[in-house]
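Some structures to go through are shown next.
In what comes next, chain A is part of two complexes: it sits with chain B in the first one and with chain C in the second one.
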Partner chain A sequence: MHIPDGYLSPQTYIPFYALFAGFLAAALKKIRSVLSAQTIPYLGMASAFSFLIMMFNVPIPGATTGHAVGAGLIAILLGPWSAVIAVSVALIIQALIFGDGGITAIGANCFNMGVVIPFVSYWSFRFIKGKTREGRRVIAAAFAAGYIGLNVAALLTAVEFGIQPLIASEAGRPLYAPYGLSVAVPAMALEHLLLFGIIEGLVTAVILKFFLISDPASIHAMKEE
Partner chain B sequence: MNSFQKKLLIGLVVMAVVSPIGIKLPELMKAGEAWGEWSKDKIKEMIGYVPAGMEKDSEIWKAPIPDYNLGDEKSTFMVQALSYMLSGAIGIIVCGGLLYLLSRLLVKKNE
Partner chain C sequence: MFNFIDKSLKSLAEIVGANYVQWETSKKNGLFQRLNPRLKLVFFIFNILLISIKKDVSSEAFLFLIMFIFITVSRLDLFRIYKKILFAGFFFGFLVALPSSLNIITDGEIVLHLARLDGARQFWIYRIPAEIGITREGLSGVAMLCLRVMNSVSVSLLIIFTTPFYDLMKSLKTFRVPDSFIMIVLLSYKYIFILSKTIEDFYLALKSRLIGNVKGSEIRDIIAGRTFLVFKKSTAAYEEVYRAMVARGFSGSVSFYLTDRITAADLALFAAVMAPGIIISAL
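Moving on, here comes the complex of A and B:
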């Protein structure tokens, strides 16, 4: 889901830079009130976790690969605004040092994975969990939150790819990402619905379970009912 | 840092150490690039040409460790695996370090 350089037209990547900058500024303001001596180590570890989990490429045999992002889990644990910062820092480092995701696409990639997943997953989790505090429903809500968050982001990414031939073509030839919506959307949606979303859901559920056992008081989405 | 947080940190280091699974498994299962992350050569193979804008923008940035690999695609698995682990370690240090500094800065301003 890391869009490389050369796939998005400037009329796409510039607005996404602006959109992401707005969310980043808001996030920096919001996390001030929640940061404390206890949560500071979690924030750094969350960013490192997101960086690392994205290195675990999961194959669809004979076809393609994908990976979990961990952004929904981080949003549930630390709150969506902290997740915006943690995941975006990981994505920016991946782009700058490792060429994973384009420099021009940093705004779009950070918006797709660093903003959309945290908010969609966080609110899915709270909605599905309802007033439950423990047990299977909380774990199921975590799985669903990860699954839904990643799939919404994948769909959005597919739309960003898919509109390129419509908005940036010359003499009938696409200038950037060459496949239209009818190819990009089914391809991205199916692989995330069938496999990568499930991986994201499992990562979210298993690690949340671990926190529920070891440090339940720190879980952001279980507080402020 | 409390003992639970120390455990988590150890977990992150373990992730970096076993990270080469993330390159070996796709190779074993003959899985190609992620959708929409193809190289220019691959695009040419797929549609017969490289779109003009892509040609211009795709090499806008020279990353110091492209694809988490200090060698190249033809390097031995050992080189690629060690590069991958090192990249994971860099990820832990840089992401953790940046957020630590950022948090300190924000909290100080807060007080």
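Moving on, here comes the complex of A and C:
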């Protein structure tokens, strides 16, 4: 899901930087209006938690292991606006320290995983769980939130890849991501629909189940009724 | 059965290791370690943009050579750095892009014939030509992507390994990144190392206790519980840090002051390292 450097043309990554900056500014303003002076330490903690959640490898049925992106879970736990900053900061640290995701692609990566997943997952969760506060429906909503959020972000990423040959080619030669929409979309969609989405949904549901049992009051998406 | 523990421990070790290596290499007496962080950030942004807009293989190859020289004279560990650069180039540049060199994806002059069908086929929106082969245009695209990925990783690692993370983030102020956002990143960076230790302890404890066949669902429940614990510890740490900040006069706003002065020697060094990129951009 992390787009590396070299795959996106400037006419794609520059608008995504601008788009992401807009969401970031809106998120900071929104959280500052609620938390006031606590904003900075709170978001620092949220970002660290968002980063560390990816460190938890979990056994997955089929004798393999996986970890979640965690953006949907963070949005359900902390709210979508906090998740915008928390996930984005985690992605920026990943890019700057570990080289996961490109520097030019930070705007696109933060938009795909830091903006799209939190909002899609959060509202999917709220919509599917409805008025229910416990039980299987809430767990199913958590699974669906993780699954849908990741798949929507993967589709968006595939479109970003797929438009590159259309907008940045020279004499038939692709200059950036070489596969058009007809290859990029099915390739990304299939692997996320059949594998990564299920892992994301499973991890989101398993962790949220524990939060529901131990401290449901700490779940943002359960508070706003 | 328990390889998820080793995977998690490896990820955690990489976090701590990356921090240690970055701290150590940024203190070395090399060329880029001497450059002012703000000027280094300008060099970084200029070169990363240059790498992404150049459209010819020769410019990218020249940039690859220039970055190799800069990394060498900055006295960085060539093996460690080029292991990462070549892996990224091989995986993201070569392996992923290689099928695009076929005329099924990239049309053009075939330089290597691979197969011949009795006629062109059409599957839904996909067209398979009668003659299947690797095209000159496709190969050029793969080479371009490969070099661009390697160059981007090279310039990123050059800056990351020669600049302490704190200085790197503080220099973002030059580009009007809000101080509060820089502070959030710096705080998060510190929390990550503190909480990594908690997670490492948890996985080591789990490893020492697990034996025989344990159900995957039971392990998932244990990990869910540990994630909850990390969340609670994070919340407690944030509350403590906030109280400590308030006790020291924190009122909600943060201002960083750039105390390092840019000297004539900094500017001369900056001009020297920028020169190859400026020449390439003009070609």
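By definition in this document, the second predicted complex is superposed on the first by the 192 of 225 C-alpha atoms of A that agree within 3 Å, B and C clash if a C-alpha of one lies under 4 Å from a C-alpha of the other, contacts with A are read in each partner's own complex, and residues count from 1 in each chain.
Going forward, contacts are C-beta pairs under 8 Å (C-beta built on N, C-alpha and C of every residue); 3 or more make two chains touch, one makes a residue touch a chain.
Note that the coordinates shown come from a computational prediction; the quantities given were computed from them, not determined experimentally.
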Partner chain(s) touched by A:77 [first = chain B, second = chain C, both, neither]: second
Chain B versus chain C as contact partner of A:102, first or second or both or neither: both
Which superposed partner A:187 touches (first chain B, second chain C, both, neither): first
First, second, both or neither for A:24, with chain B first and chain C second: second
First (chain B), second (chain C), both or neither touched by A:90: both
Touched partner set for A:51, first chain B, second chain C, both or neither: both
Touching partner for A:175 - first (chain B), second (chain C), both, neither: both
Partner chain(s) touched by A:4 [first = chain B, second = chain C, both, neither]: both
First (chain B), second (chain C), both or neither touched by A:119: neither
Intersection of the chain A residues that touch chain B with those that touch chain C: 4-7, 9, 28, 36, 38, 40-49, 51-53, 55-61, 65, 85, 89-90, 93, 96-99, 102-104, 170, 173-178, 214-215
Touching residues (chain side chain C, partner chain A) in the complex: 1, 3-5, 7-8, 11-12, 14-15, 18-19, 22, 44, 48-49, 51-53, 55, 84, 88, 92-93, 97, 100, 105-108, 125-126, 137-138, 140-142, 144-145, 148-149, 152-153, 156-157, 160, 165, 168, 178, 180-181, 183-192, 195-196, 199, 216, 219-221, 223-228, 230-232, 234-235, 237-238, 241-242, 245-246, 250-252, 254
Residues of chain A touching chain B in the complex: 1-7, 9, 28, 31-33, 35-36, 38, 40-53, 55-67, 85-86, 89-90, 93-100, 102-104, 157, 161, 168, 170, 173-178, 184, 187-188, 191, 214-215
Complex interface listing, chain A residues touching chain C: 4-7, 9-10, 13, 24, 28, 36-49, 51-61, 65, 77, 85, 89-90, 92-93, 96-99, 102-104, 170-180, 182-183, 206-207, 209-211, 214-215, 218
Of chain B, residues touching chain A in the complex: 1-2, 4-5, 7-9, 12, 15-16, 19, 21-23, 25-26, 28-37, 40, 43, 47, 49, 51-68, 84, 87-88, 90-92, 94-100, 102-104, 106-107, 109-110
